[in-house]
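Sharing a structure here in structure tokens format.
Letters A, B, C and D mark the chains as written, and numbering starts fresh at 1 in each.
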Amino acid sequence: MCGITGVYSENEALTSKLAFFSLYSLQHRGQESAGIAVFGDYIHIHKGMGLVNDVFGDKKLSEMVGRIAVGHVRYSTTGESKIENAQPLLVKTKSGALAIAHNGNLVNYQTLRNQLENEGAVFITDSDTEVIAKLMAKELLTKEPEDALKRVSEQLRGSYTLVMALNDTLIGFRDSLGFKPLVIGEGEFGYIIASESCAIDAVGARIIREVRPGEAVFIKNGELEFVKIEDSSRKALCVFEYIYFARPDSVIDGISVYGVRHRIGEILARESPVDADIVSPVPDSGTTSAIGFSKESGIEYLEALIKNRYVGRTFILPHQSTRELSVKIKMNAVRKNVEGKRVVLIDDSIVRGTTSRKIVDMVRSAGAREVHFRVGSPPIISPCYFGIDMSTREELIASNRKVEEIRREINADSLAYLSLDGLIEAVGLEKGELCLACLTAEYPVDVSEAMECRRC
Amino acid sequence: MCGITGVYSENEALTSKLAFFSLYSLQHRGQESAGIAVFGDYIHIHKGMGLVNDVFGDKKLSEMVGRIAVGHVRYSTTGESKIENAQPLLVKTKSGALAIAHNGNLVNYQTLRNQLENEGAVFITDSDTEVIAKLMAKELLTKEPEDALKRVSEQLRGSYTLVMALNDTLIGFRDSLGFKPLVIGEGEFGYIIASESCAIDAVGARIIREVRPGEAVFIKNGELEFVKIEDSSRKALCVFEYIYFARPDSVIDGISVYGVRHRIGEILARESPVDADIVSPVPDSGTTSAIGFSKESGIEYLEALIKNRYVGRTFILPHQSTRELSVKIKMNAVRKNVEGKRVVLIDDSIVRGTTSRKIVDMVRSAGAREVHFRVGSPPIISPCYFGIDMSTREELIASNRKVEEIRREINADSLAYLSLDGLIEAVGLEKGELCLACLTAEYPVDVSEAMECRRC
Amino acid sequence: MCGITGVYSENEALTSKLAFFSLYSLQHRGQESAGIAVFGDYIHIHKGMGLVNDVFGDKKLSEMVGRIAVGHVRYSTTGESKIENAQPLLVKTKSGALAIAHNGNLVNYQTLRNQLENEGAVFITDSDTEVIAKLMAKELLTKEPEDALKRVSEQLRGSYTLVMALNDTLIGFRDSLGFKPLVIGEGEFGYIIASESCAIDAVGARIIREVRPGEAVFIKNGELEFVKIEDSSRKALCVFEYIYFARPDSVIDGISVYGVRHRIGEILARESPVDADIVSPVPDSGTTSAIGFSKESGIEYLEALIKNRYVGRTFILPHQSTRELSVKIKMNAVRKNVEGKRVVLIDDSIVRGTTSRKIVDMVRSAGAREVHFRVGSPPIISPCYFGIDMSTREELIASNRKVEEIRREINADSLAYLSLDGLIEAVGLEKGELCLACLTAEYPVDVSEAMECRRC
Amino acid sequence: MCGITGVYSENEALTSKLAFFSLYSLQHRGQESAGIAVFGDYIHIHKGMGLVNDVFGDKKLSEMVGRIAVGHVRYSTTGESKIENAQPLLVKTKSGALAIAHNGNLVNYQTLRNQLENEGAVFITDSDTEVIAKLMAKELLTKEPEDALKRVSEQLRGSYTLVMALNDTLIGFRDSLGFKPLVIGEGEFGYIIASESCAIDAVGARIIREVRPGEAVFIKNGELEFVKIEDSSRKALCVFEYIYFARPDSVIDGISVYGVRHRIGEILARESPVDADIVSPVPDSGTTSAIGFSKESGIEYLEALIKNRYVGRTFILPHQSTRELSVKIKMNAVRKNVEGKRVVLIDDSIVRGTTSRKIVDMVRSAGAREVHFRVGSPPIISPCYFGIDMSTREELIASNRKVEEIRREINADSLAYLSLDGLIEAVGLEKGELCLACLTAEYPVDVSEAMECRRC
């Protein structure tokens, strides 16, 4: 998962700064690296490892002057994290300069790369973004941008939401299944494209509308134009955007993320009620659902756990004998709130279960009499091939275990998951409009190639 | 405000790591710089600007081997932030090596510095910690550590909670008014001293007890000894530790911070009820009180505002015309939760009022019908001279304004502060056990010297 | 101008270190950036801005394990210096991984790039090395490495000495005119390829022989094989390697650089004798020729100038009013040696003349009675298109001035250049074996395309 | 050994830049760290590890505005190199701010430190400069700067050349034996004080005169005043300034360093003639003497060795099996120049002899028929306690060996040292004006305390 953005502004000194603010508010979508390309009289590109605010300073942003900016924050999916993987990817083609920021994952990457290599292409990176760049360059030789994009998208399979700068044009594009969100805003400064609406808010703009599955938006000379690129018979918006990824203050495809999570809590309370003294989130992902659960159940909302706000991805655990402290470092129980109480804990999902176990134990040893676990999604039983690094099937605790077994493993007094129907109800879209593959193992596109050669 | 810690462990490779974890959990007490000194066969010291996790890596910690560690995180009080101000301060004296971590502020600093300079002392820093170090060194020439500490503390006036390493002894000490907290824990590894109990929890230790005002604890050869250093007729624990500074999961002088903040919310609801649809915190400082307010008032708890978790102290606002975005970058309203609603916002306190105004406006422009503001403390009317960088009296919005005037300035439909009695009730200590000076302008020690020469 | 190297060693831990030492001794060929790629079980690549010793540390080198290493130091030719331009360039192709280090400049770059772009290729860099990489990848689709290299070299025009790693093979190659040198050595560890023989000495190996113009060397499975790739009817070894670029202790195409420079001094003394008290080099480039001049003329050798050894390329001249100090900062006169004396200064060449003027003035104001200038090369009248960033024709002081005019501009009492015949005699090769284009404006290949579009 | 400087200029923006240029030209006196303090409306100080040009950039220098600057480059004497040791040392005293840059070493450091500690002083560093700072502060309480400096200098024993800023006064001071040089210059900008005259040249100023032993210079309000501080019955200028430390273009106490080294070569040629084909320096320290030797002996001057110009102090030798390459990396023989020849090598001195041995072997294996070694100083038989980190007596090859034994160890065909009388003649001062202690074991001050407790 990554965050992508594009800005068009005729106030050329402002463009890079707006891209910066946009990425800043999309930071939760990726903390490994950040990058911005600006197209003006010159082409500027700057990328670095770490948070947006560490990579970009005032001086750097002031140098990056131009009408169009493309930005990206990257989520580290695989082990090694390298600057080579940072985006946007900037290439120079016969048809001009092209910068691409990509959110998603191609499931036919290897086939496409083989084809291109067979034609003599050389690859600098191992990313599917470079495949997209090369296909675009090839089609642009003979076609206008729109037609080139059409021809390229016919060849791509999987999840590929893109923001691109092509010479003087800013392009946003969402694959025909619309796995990953993309939204457009308008402000005094011009236009903004972003993964989530919180970025539109952050720059003081207002939402125009979402880019639709299979649709592109072209912004050029101050004009914005929507173009249908691919037919889209079925939509497959990643349900985990609502459950976990997106910021609660974002609105995706017209639906408030906060609202979905709150309803998840309410439905969970109805589906799997429990006699308890307090209901408490596993922070931060469980917070909104816990509030909903409390409201519906009438059980008092009280925080059992405080999460250290300074915990980052690069947290070190230097010493063998201190490794077991890891969860304690990230979270701590509030003894006063749980002592002698029956506690319901709410989290958004369970992946491997190891953290959940530690949390349950922590609440117990702070004095809780009972610890009940409620999960804001159905069990995750199958891997995602669309850009989310869930564990492999073997690591997924729910891939081969019954709920009762899982309950025992995480040491809870009771455990319940949200039902699939409950989830769909909470979201408020049709089942056919969502990707639910990791919950159902029914993939909206053929993933057989990706299944064989697991690369993320 | 700073965070301080000390660790004693005969597992010499573990000591620095435990100090690291302790500081990590005290990070909210200071983000400007971090430092650890370890006394073993060699004396190691490492300090740097930024977060604990940025300053210390595995390699550095592994080199720092010894039985005793002293650690410090620093809060930037004044404009310029420099590595020279980072602590612990390590000095070499006739009587050996001395490392000092200090939380607080002397109100007779200038007098003491003058005295020392008159005796020919030279100063490398501008910190009152160097004054303490020099006084200690002088007294240690002729006295045992205990007596030296007694003689030094007689000369100091103000707030001076200390953790020190003196050769093979770890010392914790709290001034006779006990402005700043200090607590001792015991684990399998040995002993830990820290500003807050959350650090004791973080290293898997259990609380022994608080260090009492005027008391010192000496840890040497695995033995822990409490020694009364100064008589303490009156206690003056900073009430803002409960209101704002401390982590909600900490327990200070036996009282849960979470509990205090929850009761503040409840009392506020009783003292200043309001007809509304939802109650919502200004995150993060208002969260616990908002939960309490909701419980007491029966008004639904729902988050009106989401705070960007990646906002740091060093946030840049590069462009003139983007400066007004500042609050938007840090926080965003959840339109769905506030649209058409009457909203009660809860925050811990109001200092200058500018941020409160922007927040009220943000909630309004997201569609709220009414915005009521409730503050979890009485008005701040007077500066703090004990180590907290509140603004000068001129900047304090409440120093010369009635509540109604403030209400107008922050553009709220109604505004109410917690009463002083309500605050004291919420804390649950006697009035004579607390410092309330910034709320009452009655200082528990003579601050006339500090008033004249404002330095922090 | 750049320095390139390749190492083959079955002692896999040693390979990267030998490449490091080799680059270290080629540092004078480029100080802008340094890079090494190692092919082993994994492919490692590391590049950075600055000196070899700054870019590579022990830790990094220890991680880079494999049989084959390719290294590069880059000379900043154009204004902006960026990490993107650092070499080796590593690409992944249908036929495997390919790392290229290139010394030289293509004069038909734009044509080749256009051709490739017309086929849909996208470019990440602006370097001609990427063109070579793409051509290689294309030919490798259908051909064995040797034949691919043949086919590629047919298409390249200009100067292109290469060291490449292609999967398990290390390749050295010199263009058919042999502009830039390349020499092979053998040691206990295996084989080494390098721009200059000083690198062979540095790793304790012995010279096998030079790679001949149009020849390639393939090293694989411990076997070394020379292969003729292109016919080479005429050789065009850059004469400035002898005059200026190479280290004096190197031997190029069998001829000692030190020897050439010494003979240049001797011939200069015969061609343009002068009555003087001392002969002195402009350090460092004039040193060897000054020694030769002194020997032939019998005039005492004494240093008039001392050069600051710490002057680097990145020297800053922060203040307007201090800019005129620039030469003084780099060099200083030894008053005692020049006071009241008639001084002959020897330098290797004059490009723009501004530095020469400042040096003459400096020696004069240190008390010299007369200052005579002798130059170890004929006037530079035409730009180089083969990888050397001499100024444009407009900036070359000799491109449109008589010697007498130049003498006046640099304020010397007399000025003489080495004759072309004298230079050829000093080198000891046939005229037809050398490139002399910048001295004669007769280019050994058609440079019309490069003349139009000046890029280096 | 270190380099120190001071600048006084009423062009306040220029002061720091002049100090920078001065240090830049004193870089050979210390490469470990660099620092500058500027006294203006504010006091600025900046220090860092590494070369002057790495520590100071344009931005930093532009911020440092004021009339007075004090600068320092530090030579790493002892193992650990730390920023804490960087100078100038800035302290704040009753009498104002004091910045000190110190070149030298106290031989009664421990006694003075004990005295100060007994009075309760605490020490932040382990440097004798802090002792000087504290003594100055103490005396300044009751005395004017002149008298304070007198009283302090009475207490100091050893080598202590100082440049200090005290509020609005710039002070230069040389101990009564004048171990280390200090010279004053005047330019349009104002005044400059520096260790060597090459720094005066570098800023375009002219030499006024040396500071005399026991003398101080005070510069204030644009007025310069010389003051006799200590009686100086005997002078003891370090003879190694002429032999090795100083830059050849400097003039010390009126005598050209280049001249001394040239005469050393001439006298060596007379004292220890040898039948040979070429005479060659061990670069760089042997160069000037080799030129003199060639002139006197009539043997041709030709470079047998080329030294890599990029070798720095921080050179890494990463691999066990590559460590023996170390000398090869730093220097290489010019085979053509030595093959079949009888070579005389000239170096300034021999300390441990290991490098000399490797150089002799290198020249031999490049084909030299005979290798004769001539040393430009008498044997070093005793340690220096005045700030030069020669090895301990045990490591000095000449401390317990005859010349013939040393010849065998370094594998030379013949070996000769300059005589003590020859050295004194070459310098041209009286024996009683020089320190020759490391050559004679007769120390100009009592060093017994320093001998016991070896610290540098």
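By definition in this document, contacts are C-beta pairs under 8 Å (C-beta built on N, C-alpha and C of every residue); 3 or more make two chains touch, one makes a residue touch a chain.
Chain-to-protein mapping (UniProt): A, B, C, D = Amidophosphoribosyltransferase.
A quick note: this is a predicted structure, and the numbers were derived from the prediction, not measured.
**Q** Tell me which chains count as touching both chain B and chain C.
**A** Correct list: A, D.
**Q** Where the centre means the average of the CA atoms, what chain is farthest from chain D?
**A** A
**Q** Quick check: how many Å separate the C-alpha centres of chain A and chain D?
**A** So the centroids are 61 Å from each other.
**Q** Suppose each chain is reduced to the average of its Cα coordinates; what separation in Å results between chain B and chain D?
**A** Result: the chain centres lie 50 Å from each other.
**Q** For chain A and chain B, what's the span in angstrom between their mean Cα positions?
**A** Once rounded, the distance between the two centres reads 36 Å.
**Q** All pairs of touching chains?
**A** Pairs of chains that touch one another: A-B, A-C, B-D, C-D.
**Q** Can you tell me which positions in chain A touch chain B when the two form their complex?
**A** 11, 13-14, 17-18, 20-21, 24-25, 27-28, 31, 51-53, 56-58, 61-62, 198, 201-204, 247-249, 251, 256, 258-259, 262, 284, 287-288, 291, 294-295, 300-303, 306, 308-310, 312, 314-316, 318-319, 321-322, 324-325, 328-329, 332-337
**Q** Considering the complex alone, what residue numbers of chain B touch chain D?
**A** Answer in residue numbers: 90-94, 98, 114, 117-124, 126, 133-134, 137-138, 141.
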